[in-house]
């Protein structure tokens, strides 16, 4: 199966979704959000998937909603668009039981910025940038940015980026902890591949549990998280990968994790 | 109407409240907190207000509670003072449907520090500083600092500043993300005015909604915030400013936002 | 009373717990966690205690669970171990009504990393490091790290450290706000002692209340924290230390806080 507006590849546990409308900087029209949502569903059902990379074709990562695609339809319901198209995408990424890496190859704007921030980690090329453009057309943050921004950079910086629509360079984002890796554009693939290879051979079940734990962290109290850690550790402790991990440790060799 | 202990000006959508007891570094006595509370009420009723600046006259921003004003009244109820004077001020700032900029011209101590941190953004002069002095007299953080500090600088730094009463230089605060802009004292007005001018011509309704969203962020889970974004985006999408924003985009011109 | 696996000293309000299994980098076996839990209980009952230091003997701070101690018992319940041994330790530290300083003399790994992060402040030697090793054996964060990490360094860095088991140098941890002080190894004692002396003469009751407030911060909304500040300030305002603090201020002398 192939898609109209994205590229979808799967290689030894590494799934890659490439937004592929480079002529409009990978702006979201109906088809693109439908394709991404379908690809995320497909990924969640793929038992062999160990890590997902999301990136953009061409110069940009994703420029957000395609305003041309909605020209002449100013009365359309913005809320319907969020409920049906964008929020399912964000929820799917955060609920996916594998790590999601954003390969930030260029600008991420508006819903494209939210898409990048929804990923568990971001590897950014030095010429990439993030920008919450909503305010420039009189709109508010959406697709999860109001959740992600303060958790990444604190409340004062979050307010500024949101309400001024400031462009944040990859360098600045790296220093602030919004992105995990900063590399020269020509090194972007090597760095992303290095991470993908790590995760493709990592104890995926434990990582999926940690993703759930961390997703609960800020809004939960210590007792809740200690209890949840107990619940998750009990599951992890019954996994094949834990057995393998301890055996490898005792035998002083590298573990061979299957993800189960 | 004029006030006894503050200056209140309104100019093309920019409201400025200047704490004006420079002889005591703008320490709060009963009159000053009453005046600020009244001025905040007035601002919230002013339909033309687009942005509020809070600053101090003279060398200091605000040195907190005037300890001389309460000398000899050690048995007074501290809680009554918070409930009636300080907490309404902090709540009013956070609930004000316009951005609030702190023009940090000098030291902000105790409740004065909380007042600065309650603002949505801080522009600091290089010689300014922030200090949670409560512990020095055996008291605890109040006026919202226990809410603001960890959200700005994380839990380890928040504990240190709170319990050691450490003075944080503007430079340090800038690096840590407590303040948004760091400028030479002689450039403070220019920088504050630049921001005020931006906000006075910005889509105020959308900014007010984003302020509410961000105020909910840390203690809410993703689903709650996605739902709230939908609710807010629907409101923003029906605003005049959104119509203007899209029209300006299509016509390749700068939008003329009225704030409605 | 003396312990088998820890050193416990008390000197003028300064309690020190030293994990003392240097031959295994202070790894936790049953005895060590039992000893630490007992020592924490003892500290909480010691009315003269004003500050607690936790450190490790030898080269390491604490290398986490002693995997050799559980070799051959892969079917043991990990959850039972957390519920009975580790979580009580973490809860005790966070509920202790005095500040807890981690003297980070070397590597802190796994549950040892959680132990360090559970402390209110960390003073780190330049050669120390923190590492969430759980993932290396197919396990998940435990002993509170899923609570502490995002609150210290934000969500993107927290995900990376948790799922990659990355070693964080003391230098990096300092820049990110995970540790409060970074010193040369030979200056570690001097710096820790300076902090301990400060806290041993500080208004301990106010600090205990602030610790509780800050522990509630991220998951609580502004109204909840404003109310809680009022409650705590009323208690602090009735303390001897507040009377002493105001008197000392008026008399322009250093206060002599008893901690009550």
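As written, the chain order gives the labels A, B and C, with residue 1 at the start of each chain.
Here is the rule we use: a contact is a pair of C-beta atoms (placed from the backbone, for glycine too) under 8 Å apart; a residue touches a chain by one contact, two chains touch by 3 or more.
These figures come from a predicted structure and were not determined experimentally.
Bringing subunit A onto subunit C by least-squares fit of CA atoms involves turning it by 120°, to the nearest 5.
Both copies, subunit B and subunit C, contribute mostly unmatched positions to the interface they share, with under half of the numbers common to the two. Each chain gets one centre point, the mean of its Cα atoms, and the points for subunit B and subunit C are 33 Å apart. With touch defined as above, residues shared between interfaces to two or more other chains in subunit C number as follows: 151, 153-154, 216, 218-219.
Within the complex formed with subunit A, the residues of subunit C that make contact are 67, 71, 74, 77-79, 82-83, 87, 90-91, 94, 134-147, 149-151, 153-160, 162-164, 176, 215-216, 218-219. Within the complex formed with subunit A, the residues of subunit B that make contact are 99, 120-122, 148, 151-154, 177-180, 198-199, 202-203, 205-207, 209-211, 213-214, 216-223, 225-226, 228-234, 236-237, 239, 241-246, 248-250, 255, 257.
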